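Two complexes are shown next, each including chain A; its partner changes from chain B in the first to chain C in the second.
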Partner chain A sequence: MLSIAVVIIYMLVVLGIGIYVRRRGIAETGEGYLLGERRIGPCVTAFTHQSTSMSGYMFLGAGSMAYQTGIYSLWFGAGDVWGGPLDLSIVGRRLRRFTKLTGALTSIEFLEKRYPMPAVRWFGAIVCVLCMWLYVTAQAVAAGKGLGIVTGLPYIACVVIGLAVIVTYTFLGGYYAVAWTDFLQGIVMLIGIQAILWSAIAAVGGVSGLVSGLAAKDITLLGVWGPGNMYKGMWGLVIGAVLLWSIGYMGWPHVIVRNMAIDKASDLRPAVMWSWFYNCLFVISPYIVAFCTIILLPALVDPEMAIFETAQLLLPAVVFGIVMAAVMAAIMSTADSLLLQGASSIARDIYQRFINPKATEKRLVYVTRLAVAGMAIVTLILAITRPPAVFAAVVFVSDVLMAAFLPVVVLGLYWARVNKYGAISSMVVGTIVAMVWTLADLAVVTAISSGLMGIICSAVVLIVVSLVTPPPSKEVVAALELATSLEPLPGGIEKKSEKTLAPEAKCVTAFIQERVLEGAFAV
Partner chain B sequence: MPAGSIALLFGLGIIGPFVYSLIWTLVTGRGWKKLIEREGKTKWF
Partner chain C sequence: MLSKTSTSNRRETISTVRAVEIVSMSPLWTKGEVKKRIQTISKDANLEVEVIQNVYYPYLQFEYQLIVKDTKGRAFCFVDMVGGVEAVSGALPKTERVRVPEIQVMPCKVDPEAAQRKAETYIIRAFTHRRKVLIAPELFIRGKHLVYRPFFILKCDSYGKKKVKFHLMFDAVSGQYQRLPLGVSTKVEATASKQRVAQVRGVKEKLRKVITGELQ
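Right, the complex of A and B next:
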């Protein structure tokens, strides 16, 4: 009962944040609902960045992988620690300034403003919405399993409860509520994982007990090539694992949007340190707990339950409740961001861009809220069927997003020569290669992960096609130069509301030309 | 545990990101003076 009470209190608090934000009226404009009025501080930005990236996978998939493959799994963990610092430092300032300058409110809208072509917008939006939907379904499944362990309720009831809480605060408070609940959830995740980590290490007799216990079970679990050295020499898989969770962040639309919402571009400096601090304490811990589980519970039927079962075995009810709240926090902090990202794309990138360009701010917020609710219902229907393992779905979607968007985002911010023809070709090729590579199981045959292969193909196509086609317009180049410089943005742009900045119905180049006439790009 | 595994993964996963973050925040950030002056003092929270 105590553990149930802890989880209920936690859920009430996150609901309260959504209600509070709604009452403060922050989420009533397009920029307010989709980006929290771009006034999120560095600590909250870093925490929402990390807790969004680290989903139920950290407690289910990571535990499962570490339980089955030992130290090899730490390739994934090591890559993950790099993810936040790399994204915030490489993409952060340029993306924040470019999107403010051009009035972009979603990561897909940024792509169209950088590569002025409608196909970039609709293709990006479709890939984004489908991936977000699959990804959030994986989170709903994880929520159903996790909540079921604490409450003993049937799986379907748990999925409904989990989704209902997430939808309520996302629906009410938009990005601002999502960011602050993510901040809180990030702290709960830290407390929960640290509680179980130190209990588990103590239970196996300390670090030396852990090492000797693993060695007694299978010495190769302590090596970097997996049990029985099954991955020995497969550098393509290892590099893919490290890349997926490090530079991969820069290709995930629901993660890079965090850069766009930070209060000031200069706040990204402390945000990078916060991100590292958080990752050091959190990322590696689930893997080490699962190593302890190999010794404590050597005959687990479902490896995805490694961390849950260990917590249940070792911790008193109240602390177990905190751990379970941490698990729910990991799941919910990702699911809310995915829901909002998918809904933003439906409302801003599809509805307002192609269906109703004259939609008012109020209408945009209304449609976004409807899309949040609609996506949740479709997610619920799929989650009830219990689709395959959470980890596989998360890795698949992460690979596709990374291959589709990473080169166009990063090169788009650093190299003015890449153009719209290269961008659309790159996005299509990256998406197809990552999907085919995964579905045909080519990673096993070639020892190259689908994400790595997707990025390579996508980047090559972007560069080659851009070089053999005309360069971008001078307005786009001017906007990019201003966004990438360290000069302050001119003309009070920081203070202007998006409703005066982003007439979606206009051709983007015309929009930027208008800004040139206004003198906005004259530094 | 083989010492090589620890060194490789600890270095890659903890020390590497720390050094990178520190350099980026403290050294690279010095070039941001003009931007910081205009945007106001950097908040740490």
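Right, the complex of A and C next:
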């Protein structure tokens, strides 16, 4: 009963954040709803970045994998520790500046601004929406399973409750509400996982007890090649595992959009530090808990329940409630970002770009909200009728997104020579290779993961096609150069600049540029 | 040679440009004070600040009488006539009639009727939100004026250890400023702006009628 109360309080708080943001009127413009008016601070950015990337997978998928494969699963965790800081450092500053300069509001819109071609936008939007859909369905399944354990309610009711809460605050508050709820959820996740980690380690007799327990069960669980050395020598799979969760972040549209919403490009440095702090405390913990579960609950029927079952076994009701709230937080913080990303792509990249280019800001926000609700309904139906396996779905979607977008995002920000022809070819090839590789199970045959293969093919195609076709236009190159050359202002100039003048500054910039082109002004 | 020709052309353009009379908010900052302020904030002894241009930014200023039951009050609202952003104000700023080069005056791009609708919606929302009341006030327009806010465009060059060049726009009334990301080649935006010329002309004509009272 106590654990249910904790989860209910947690859900009421996140709902309250959504209502508060709605009342403050931040989510009433396109930029406000999709990017929180680009005024999210470094700490919140780092936490929303991490909690978005670390989904229900961390409590279900990671636990399941660690329970089944032992130390081998840490290859995935090792990549994950680097993921957030790498993305914030490599992509963050340039993406923030480029999108601010060009007025891009979604990660797919950034691609079209960088590679001016309608096909880049619609292909990117379709891949993004479909992947977000599958990903959010996996999160809904995880939410249903998680809530079911706490409340004892049937799976369907739990999926409905979980989705209803997520949709309500996302619908009301847009990105600003999502970022702040993610921040709160990140903290809850950290507290929850630490609570269960230390009680699990204590229950198995400390670290030495854990090692000897695993060795007694199966010595190969302590090796880096999996139980029975089943992955021995498969370096392709290992590199793929590390890459998937490290550089993969830079290809996920729902994650890179966090860089676009940060208050100032200079805030990215403290955001990286916060990201390190968070990852060092959080990332490896679920894997270690699952290692303890191998000893504590050796005959678990559903390995995805490893962390839940351990928490239920070891913790008092209130603390178990916090752990469950943490699990729900992990799921919800990803699901809300996925829903918003999918809805943004539907509204901004498809509706406003191709169907109704004259749509006003108000209309854009309205359509985005409708898309959030629509996606949630379809997700609900899918989660009830055809629930996908959480781990498999997350890995599949991550691979496809990474292969489709990573090379075009990273090279697009660092190399002016890559062009639109290279970009569209790279996105198509990357998507197809990653999908075929996974569906045909070629990873087992070739010992190269689908994500790694997708990235290699996609990057090669991007470089080769760009080099044999004409270079990008001067406008694109100039915008890219400006985005990379905008130096931080000296002293307190940046700090004391007035943000409320930003709309005027945008208009004045356009006005002066027109006058410069006419030859009337010189700058 | 080429640059000399283009410079002389530019001078010619500026010298032959028309001057227009506008109602501007009275500036509280002089060019000298602006330079000094930016240099002080930057804490950079090597920072050179130059005022390279003046720009006049249009706002449509509305004055309303509000009536809620037996209570009466006044409210002021400004609508940015380029970007369409609205803001309430506690009082009206001091203004003065000035003659300035037409090229320094930014053209209005927002329809004045749309601006009025925005102002009214904004005032009603701000009132009900602040007072936490459900009854929307009755609004009676008491005045409507097009006023321009003067901005200085500053070019700043730091010749210290770290060489940085940047542009700022400085509000000559409030003393606030914001960075301008100048330097992007804007062929595309310029083409788009040419397409907007007809629309802007229409708005200008409508605005003239509103101000002269022809449309009321």
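Rule of thumb we're sticking to: the second predicted complex is superposed on the first by the 484 of 523 C-alpha atoms of A that agree within 3 Å, B and C clash if a C-alpha of one lies under 4 Å from a C-alpha of the other, contacts with A are read in each partner's own complex, and residues count from 1 in each chain.
The working rule: a residue touches a chain if its C-beta (ideal position, glycine included) is under 8 Å from a C-beta of that chain, and two chains touch if they have at least 3 such contacts.
Bear in mind that the values here come from a model prediction, so they are computed numbers and not experimental data.
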Would you sort A:101 into first (chain B), second (chain C), both or neither based on which partner it touches? second
Note to self: Quick check on the superposed pair: does A:474 touch chain B, chain C, both, or neither? Answer first, second, both or neither.
What the structure shows: second
In the superposed arrangement, does A:224 touch chain B (first), chain C (second), both or neither? first
**Message:** Looking at A:482, would you say it contacts chain B, chain C, both, or neither? Reply first, second, both or neither.
**Reply:** second
One more residue to check, A:446. First (chain B), second (chain C), both or neither? neither
Note: overlapping chain A surface for chain B and chain C spans 486-488, 494
Chain B partner, complex, touching residues on chain A are 41-43, 71, 74-75, 77-82, 85-86, 89, 211, 214-215, 222-224, 242, 263-267, 269-270, 272-273, 275-276, 279-280, 283-284, 486-488, 494
In the complex, the residues of chain B that touch chain A are 1-2, 4-5, 8-9, 12-14, 16-18, 20-22, 24-25, 28-29, 31-32, 34-36, 38-40, 42-45
Chain A residues touching chain C in their complex are 23, 25, 100-101, 474-475, 478-479, 482, 486-494, 496-515, 517-523
Note: in the complex, chain C contacts chain A through residues 6, 9-10, 13-14, 17, 38, 41-44, 47, 52-53, 55, 57, 80, 82-83, 85, 103, 106, 125, 129, 151, 153, 155, 158, 160, 162, 164, 166-169, 171, 174, 176-190, 193
